[in-house]
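The following pair of complexes shares a single chain, subunit A, combined with subunit B in the former and subunit C in the latter.
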Partner chain A sequence: MPIPEYYITLATLVGIYGIAALGLNITMGWAGQVNLGQAGFLGIGAMTSAILTAKLGLPVGLGIAAAALAALVVGAVMGLVSIRLREDFLAITTIAFNFLVVYIFEYYDVFGGSYGISNIPRPSIGGHELRGPSYMFLTWGILALLVLLALRIQRSWMGLAFNLVREDENLASAVGVDVRRMKVLAFAVGAMYGGVAGALSAHFKGYIVFSDFEFPYSIAILTMSILGGLDSIAGAILGSFIVVVSPEVFRPLMQYRRVMYGVLIVVVVFFAPRGLLGKNAVARRLLERMMAGYGLAPKGKKKEGEGG
Partner chain B sequence: MAEIILQVVDGLAIGSIYAGIALGLTLVYGLLRILHIAHAGVYVVGAYTAYMVYSATGSPLASMAAAMASSALLGFLINRLFYKPLLDQPRYVPLMVSIALFIVMEELVANVFGHYPKGFHVEFLSRDISLAGATVNTRKIVVFVIVLAATLLTWALTTKTRLGVASQAAAQDAETAMTLGVRIPLIIDFNFLLGSALAGLAGFLYGYYYGVISPFMGGVVAYKGLVVIVLGGFGSVMGAYLGGIILGLVEQVMTALYPHVLPREAYAFIALIALLLFRPYGIFGRREMA
Partner chain C sequence: MLRLENVSKHFGGIRALDGVSLSLREGRITGIIGPNGAGKTTLLRVMAGFYKPTRGRVYYRDRDVTPLGPHERARLGIALTFQIPRAPPEFTVGQLVQAAVGKAMYRGAAMLAERDRGEVWDRVHRVLERVGLSEYAEREASQLPLGLQKRLELARALALEPRVLLLDEPSAGMSPEEARELAGLVRDLNEKEGLTIAIVEHNVPLATGLSHYMYVLHYGRLLSEGEPGEVLRDPRVIEAYLGAGYARG
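Then we have the complex of A and B:
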C-alpha cells in the first residue's frame, strides 16, 4: 500500500524546515548571535536556485550549490555586522535585513517581482524526475548530511569556540579565540543552511514569490528552534515536526495558526526556556530517565555536552 | 510649488503618526531596555476601540479617549504579565516575547473583526482648504497639531514633574535612583500607561487620517517605530518626535522623487541599518548616550 501523498508532503516540509531551524541553532544557539531574519536567507537561496534553473536552465544540483554559496556569502556579511552590534541591536538589524530582502524581491523583475518565479524544475537523476517519495528522500538525505556537518562542527574546536563566544566574549578572546572570525563563521554557516532549505523548498513547490520569505516565516523558524531547544540538533528537527504537523492536526484551528506560533514562543520562554530537547530540558531528562529504565542510556555523565 | 507643499503636508501628517507611536516605545526603551514590538499591537487595539466607540456614540472625542484608555490598560498589563518576569533574561528574550505578543494581538483582532480593512470615517474638521496654491485637507493639519500637543505634554510630564524627573533618574541609573527613594515599579507603570495611551491616540489618528483601519496596520509600523527611536536617540522624547517627523518626510519625498527604485517602506530599514552601524546614538544624540 503506498503512503498517501499528503504524508510525503508533510515529511518533506519537516525536512526542509528542519534544515532551516538547524542553521538557526548554529548561529543563535551555539554562537549566541541573534538572528531574527532566517527567512531572508531562505529567500536568497530559493531565488538564486530558481533563477539559475528556471530562467537560465542550469541543472538543479548546481542551483542548490549556488544557493548555499549565495546565502553563505550574505550570511558572512551579516556576520561582519554582528561584530559591531550586540543583542537587541543585532536582532533589529536582522529584522530590517529580512524586510529589505523581501522588498528587493518584490521590486525587481529578476526575482519575478510581485508575480514570482514559476516553472522551477524538479531535480532529476538519470532522466528520472524526483517527485513524491524520491524528493522526500533527497530532502532527508541532505538533512542527514547537514546534521553530520553540524555534529562535526559541534565536536570540533570550532564548536567549543562558538560556545565560548556565546558565554563570554572577553574570556573567549583571552584564551585565543578569534571572536570576530567565529561570529562571521557562525552567521555564514547558519545562513548557508537557510539557503539550502530555501532552494529545496523552491524546487519542491515549483513556484516562489517574495511573500514566501516575509518576516513572519522567520518567526515560524525561530519557534521551531526554541521549541526544540536552541542548542540541540535533534531539537531543531523535532521543533520543525511540531510546527509543521500541528496545524494539520488541529485543522479547525487553521485560522489561528499564527496565533499558535506566538503562544508557543511565550509558553516556551516562560515554562521551558531550554526547549524540549535542550541541555537539562525537562523533556530531555524524562526521555533519558526512561531510556535508562530500559538500560539504553550511555553510562555515566558522558552525554553532557553532546547536544545531538 | 503646490506639489512640494502637498508632499510636505502629507509627510508631516504621516510622520506625526509615527511620532505618536515612537513616543511610547522610547519611554519603555529608556527605562527597561526592551524593544517593545507589541506596542504596535496596542496601537491596533486602540484603533479598533476608537472604531467601536465611534460607531456607537458618533463622538470623536469619546472615541479618542476610549482608544487611549484601552491602550493604556493593555500596555500596563503586557508589562505586568510578560515583561516583568523576564527582566533578568538576555535582552533578545523579552524582544522575542514581544514579537510573539504582537502576532497574537494582530491575529486576534483579525479573527474578531475580520481580515479586511474597515472604513472609519470620523466627521471632524474635514474639509479642503487652500494653502499657498495647494489644496490641503484640514485633517492632516489636525493630526499634526494633536501629536505636537501630545508630545509637548509628554515632554513636560517627563521633565517638569516629580514623577517625570524620577523616571529620568531611573532611566539613567536604576540602582542609584532606587537608593534615593525612587519607586521604580511605579515609574515603570507610569511610563507604560503614558506611552500606551499615546499609541492609542496614534491608532485613532491613523483611522481619522486615512478613513480606514486594518488588523495589519501595525505590521510594518511595529518595526518602523524602532527606526524612529534609533533615529531620535534612544529614550529621548523630543528625539522620538523629530525622528518620526523626519522619517515621514523622507519617505514621502523619496517615494515622490524615485518611485521605482524601492518601495516606500524600504527607506526606513536602510536608515535603521546605517544608523545602528555608524551612529547608534541617533542623529541628535551624543556619543556617550549609546
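Then we have the complex of A and C:
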C-alpha cells in the first residue's frame, strides 16, 4: 500500500527543516554565535535557486549548489560583522538581517516582489521528475550528506576550535585558534545549510514569496534547535520533526502555533536547557540506557561536543 | 629572544605601560615583579599578542611580531599561562591539552582532520606526565582544585611546544608546598629543556630564587633591572615596592 501523500509531505518538510536547524546548531550550538535570522539564509538559498532554474532555465542541481554558495558567502559576511559585535547586539543584528532580506525580496522585481516566483521546476533524473516519495528521498539523501559533513566537523579540529571559541575566546587564541576566522566559518557553514534547505523548499513547493522567510520562521527553526539540543546533530532532526508534526497533531490549536513556539522554548530552557538530545539531557540518557539494554551502547567515553 | 622596544599600552586615560623596553634572554628565566597595578600582566599580554601596544614594537628572534595576533604568536612558539586558570565547563583535562597539541591544525584543510587519533593522545599523555597530571586526564578541568588547574595551565602551554613560556602568577592560590613543586618544575623546564621563560610573580622569594635576571615595574614604568641580588638591594625598589620591613628583614 502506498504511503499517503500527506505523510510524504510531512517527512519532506522534516528533512528540509532538519537541515536548516542543523545549520543553526553549528553556528549557535557549537560555535556559540547567536543567529536569530536563519530564515533569511533559507530565503537567499530559495531565491537563488528559483531565479536560476525558473527564470534562467538552469538545471536544478546547479541551482541548489548555487544556493549553497550564495548563502555561504552572505553567511561569511554576517560572520565578519559578528566579529565586531557583542552577543546581544549580534542577536539584534541577525534579526535585522532577516528583516532586510525579506524587504529586498518584497521590493525588488528580480525576486518577484509581492507576487513571488512561481513555476519553480522540480529536479529530474533521466527525464523522470522527482515528486512525492522520490523528492522526499532526495531531501533525506542531502540531509544524510550534510549530517556526515556535520559529524566530520564535530570530530575534527574545526569542531574543537568552534567549541573553544564558544567557551572562551582568550583560551582559543592561546592554543593557536584564529577566533575571527572560526566565527566567519561558523556563520558561513551554518548559513550554507540554511541555503540548501531554502532551495529544497523552493523546488518542493514550486512557488515562493518573500513572506515565506519572515522572522517567525527563524524562531520556528530556533525552536527546533533548542528543543532537540543545540549541540546535538540528531536533536536538530528530532526538533524539526516535533515542530513540523505537532501543528498537524494539534490542528485545533493551529492559530496559536507561534505562541506554542514561545512556550516550547521557555519550557525547554527551564526544564531541559540542553534540549531533548543534548549532552547529558534526560531524553538522551534514557535513549542511551535503552540502547545499552539492546547491547548498542556507544563504545568508550564520549568526547567534548559529540552530542549527536 | 623576545624583545620589547619602548612599549606603551594605554586603556583610555590609564597608562598601564609607559615606554617599557626589555628583553627575555634565550635559555634564561626572567622575573618580572612589581606591586599591584604595576602593569605586569599587561606586559605579558603584550608579549603574547593579546594586547596590541599603543606605541612601540615587539620583536621575536629579531622579527617584528607587533602586528601578529595571539594565535599566530602561539603557533610561533610563544606560550602564555593565564593568572586565572581557563577551564571551561565540560572540557576534560586531556581535551584542554589536546586543544594545544593541535596548534598547527587550525587552518586550511587540516582543520577537518580527525582529532582523536592515537598519536595526538600519546602527545597529550606525555605532556600531562611532565606536569604530574596523568591521572587526571579524564577529569573535568573545572572541577579540579586550583593548584591542579594551575598545573593544567602549564600543561596547556607546554603542549604548544613553546620556545618562550610566559607565566602569569603561576603560584597564586597555591599552598607553599605546591609552589615549591612548581618552582622545581619551572627550573627543570629551563635547565633540562633550555626553555626561555618569563615569570610574573607576587611571591618575591619564589621569583628571585628562580630568575637569572629581573625587571621591576612600577606604575607602568621600569623601575629597576639586574640580577636578583642587585635588584633586591636597589633602594628605589625597596622604597617603592618591598617596603622598609623587607630591607630590615
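We adopt the following convention: the second predicted complex is superposed on the first by the 302 of 308 C-alpha atoms of A that agree within 3 Å, B and C clash if a C-alpha of one lies under 4 Å from a C-alpha of the other, contacts with A are read in each partner's own complex, and residues count from 1 in each chain.
Just so we're on the same page, a residue touches a chain if its C-beta (ideal position, glycine included) is under 8 Å from a C-beta of that chain, and two chains touch if they have at least 3 such contacts.
Since the structure is predicted, the reported quantities are computational estimates derived from the model, not experimental observations.
In the superposition on chain A, A:L222 makes contact with subunit B only, not with subunit C.
By the touch criterion defined above, A:R152 lies against subunit C but remains apart from subunit B after alignment on the C-alpha atoms of chain A. Once the two complexes are overlaid on the shared chain, A:V34 sits against subunit B while remaining clear of subunit C.
Which of subunit B and subunit C touches more residues of subunit A: that partner is B.
Residue contacts after overlaying the shared chain place A:A174 against subunit C, while subunit B stays out of touching range. By the touch criterion defined above, A:Y256 reaches subunit B but does not reach subunit C.
Touch criterion met: A:A161 reaches subunit C, while subunit B stays clear of it.
Of the two partner chains, neither subunit B nor subunit C is touched by A:I242. Residue contacts after overlaying the shared chain place A:K279 against subunit C, while subunit B stays out of touching range.
Residue overlap on subunit A between its contacts with subunit B in one complex and with subunit C in the other: absent.
Contact residues on subunit A toward subunit B in their complex (touch as defined above): 34, 36, 81, 84-85, 87-89, 91-93, 95-97, 99-100, 103-104, 106-107, 215-216, 219, 222, 226, 255-256, 258-259, 261-266, 269-270, 273. On the side of subunit B, the complex with subunit A involves touching residues 33, 35, 82, 85-86, 90-93, 95-97, 99-104, 106-108, 111, 220, 223, 226-227, 230, 260-263, 265-266, 269-270, 272-273, 276-277, 280.
Residues of subunit C touching subunit A in their complex: 48-50, 69-72, 74-75, 79-80, 82, 86, 88-92, 95-96, 98-100, 102-107, 110-116, 138, 156-157, 159-160. The part of subunit A that touches subunit C in the complex is made up of residues 152-153, 155-161, 163-164, 167-168, 170-179, 181-182, 279, 301, 303-304.
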